[in-house]
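Going by the order they are written in, the chains are A, B and C; count residues from 1 in each one.
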């Protein structure tokens, strides 16, 4: 046994896959301990907030102010207000005003501003310009002037009694707050989804649930497959024929479709994560049963088994001590693959809307479903679906890698 | 003075492993097979007999590579010939190879006759299918195989039948030299007998001019071969006529080998079966001296010091040992006396 | 041809048996589950708890057709009769359309998309796998990791990736639908072109996934075959490599064909989900809307149809296999 472990952990592929999987497991376990928010709590009002650090504006105002003089602060301020359209418009005007085109760089805000300020004249009659356009430039100029001014803004509070706004303080352009001192700051590394939930927290919780479903489904499927395979392979005869018949039936009949039927029929109320896992487990044992049976059949006539038979051991004893240890490696590999398949199946079901209830726990498939239904991909809100896909891919990839590694350890002929 | 059908001089071939190491499986081997004669190659598994057989064909598939030496078939030196020419003119036509476990040598999804058609068409482009079919039928019937076999798939034939079919296909082009690599090892005794009979018939009718018979089954050697070559760890350790090698081997390994044959006769119950302890050396780093020294009962210090050349003692007899013939015989006599008591 | 008869009958018998079994499952499973949708329909009907008379009418019509208040055995025969006639009742979610009508329009989209996609993917995947095994070197080193990665992606994953890259960002293809929203199905060139454009992304999603899965398997098979004894022997008899490759691939293909027959079920399942990602008007989307609308008759019929499709495909492939594996004919002949 120890030797097997050594070999297994020497296999590069296995170790690589295992580390990825272990990393995911660790994150899933430890993250909720650090961030204790319930995963389905609606954090944002509105849909699809971008990833970023969200600072409470109100609390910033109340926070201690520090004065910083940064050279590029003004330029940055203006730059963030000037969108591409405006810049191109400015360039257009400048060109018409006679500035040579190659001197105008739309991307360099400072220079552009400079040129604008020096050259813009609302009175100037630019040929071919409509009124609407002229008004647009006037507005643009005014807003720029506003940006360029060094005045701060005032803070006013409504007087409870008179209802009149009274100035209570101001914010200067050189005022900065220390974000770590602000009372309420929320980091949303993956933004929010369409409901306004923190995607990262949701994702971790969803991974946990999906893994659980995968484990349960995988274990059930492996147990069923193992039992049926053992029986069919060892007992043989009619039992074998019967089991093989059923197995073949389920091979050809698309089990995903059966799952759809079953899941729908269970009904929304009953469809908890566990039930789904059980159902998946009960419909995906086919491949394992077949593989186990093949192994058992080849073992059945080996000498040590015959020896046990001659010694009068019971069937149960023979199966436990003579056959199981030899197929243990296959069973482990089958389990890994079943877990992987279970997770994918759940994802598929959830996308159809037949996954676990949506009100209690998220699953990876459900997150995909929401993203899809609310058209995250089309709107370009990548954070709502891409991390989910990545996690799914990583999980299946690491599991498959572990499986291939194990396969090469137990089956030297496959070593390349 | 009969013609040497096959003459090999100092042939050396090597395997290049995945890691780029050279393993010299065939190390400066020389041999000669006369017309009408059968040469047997004996030795334990892994001694290089099969590799030698593969090396003789003149066509090398990686990881096997030709290093040096000459192979002359009926006067033509084929070593160093262009591989395409070898493929067209030599393989199958001048020298043919019957692989080990020939039963798997046939394409499972192809009828025998179609395979034969492919073979003949590779060598002789303008023969009609009818000609091929006739030729095949005649050959098969001559060799005692029913003509229906031609229309069957390999899966429909028994193991022994498949083996004999492979032999028949191998001699289709009437090669001068036939190399049979363990032709009967994987078969039951009855089939074995049929295979041997077939091979013998091939020689007797002159369909093939000479044969190399490779086996690790020693009892066969005496009945089938005219001369025997004993191989160990990639080298020839003794050669001579069949009678000489079987009944009067000189090299300690050959002696040990022949001593392990069980011959049913009176007094067998009391005879101890002598096994040679130990395992052959790893050919990645062959020992510099005698490769058998570590397992040799009679080894001396000088044995492992420097490489031992083949000692020719005339009459086609040679062996690779530093102990002179007379001394060896004395040693063996003493051993026999000891064991008899 | 005589030799095929036994094989053909064998496969036909199996097809019928699985069909009957699937049929039974389709009938029994919903009624066995805790949320028995049929019973729910009856309950809702009995209580008259629905707001619109329209909905009440739907339930009435269903119980009328399928006899849900009768004993199970009678229900079953009614069910058989209805299916034979092609009458699945009215769709709950798309009343007054009948289920058969809904299915009729979506089934062809699915068949036209999935089966060519799966076959094309299978062909290309096997070719790549075979080439990788034969050519080794650079091609192999590139193909392997790519195939491993792709084969680990679920079908919908590939669908999303393709959509994001090609439809949203590059805007080369539309993001959804089977044809332009502004078009009405007709035989005009504009319509046909629109269909073709909308077909691309779903098609290639399925094809790429199939390639990933097949390439690895075929490569292993081909490597195994290339090292087979008969390859060595053929070479020693002087046969050209090119011809030997022909042998090898023919032999390596055979288990791949069987593999295809066995995995069609899973592939179709994955492809259905991919359809949904693209809102492609096939059975995938039909099921999606049916689930949302608690439309039991539609779901029941859709699953049955899909199962029958898969079983038929499996049957056809098995028959084809009998033709391409010469040993089958030989084994049957004696």
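What we mean here is this: contacts are C-beta pairs under 8 Å (C-beta built on N, C-alpha and C of every residue); 3 or more make two chains touch, one makes a residue touch a chain.
For clarity, every value in this text was computed on a predicted model and none was experimentally measured.
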Shortest path length from chain A to chain C (each step joins two touching chains): 1
Innermost chain, where centres are averages of C-alpha coordinates: C
Where chain A and chain C are represented by their mean Cα positions, the distance between them in whole Å: 28
Distance between chain centroids, defined by C-alpha means - chain B, chain C (Å): 56
Centre-to-centre distance between chain B and chain A (centres being mean Cα positions), rounded to whole Å: 64
Sites on chain A touched by chain C in the complex: 248-249, 251-258, 260-262, 264-270, 344, 347-348, 351-354, 368, 372, 377-378, 380, 382, 385-386, 389, 392-393, 396-397, 400
Touch list for chain C against partner chain A, complex: 14, 17-18, 21-22, 25-26, 29-37, 40, 148-149, 152-154, 156-157, 160-161, 163-164, 167-168, 175-176, 262, 264-266, 268-270, 272-273, 276-277, 287-288, 291-292, 296, 299-300, 303, 306-307, 310-311, 314
Residue numbers on chain B that touch chain C, as the complex places them: 57, 59, 61, 87-88, 90-93, 96-97, 99, 101-102, 104-111, 115, 118-119, 122-123, 152-153, 155-156, 166, 169-170
Interfacial residue positions of chain C with respect to chain B in the complex: 228-230, 232-240, 243, 247, 250-251, 254, 325-327, 330-331, 334
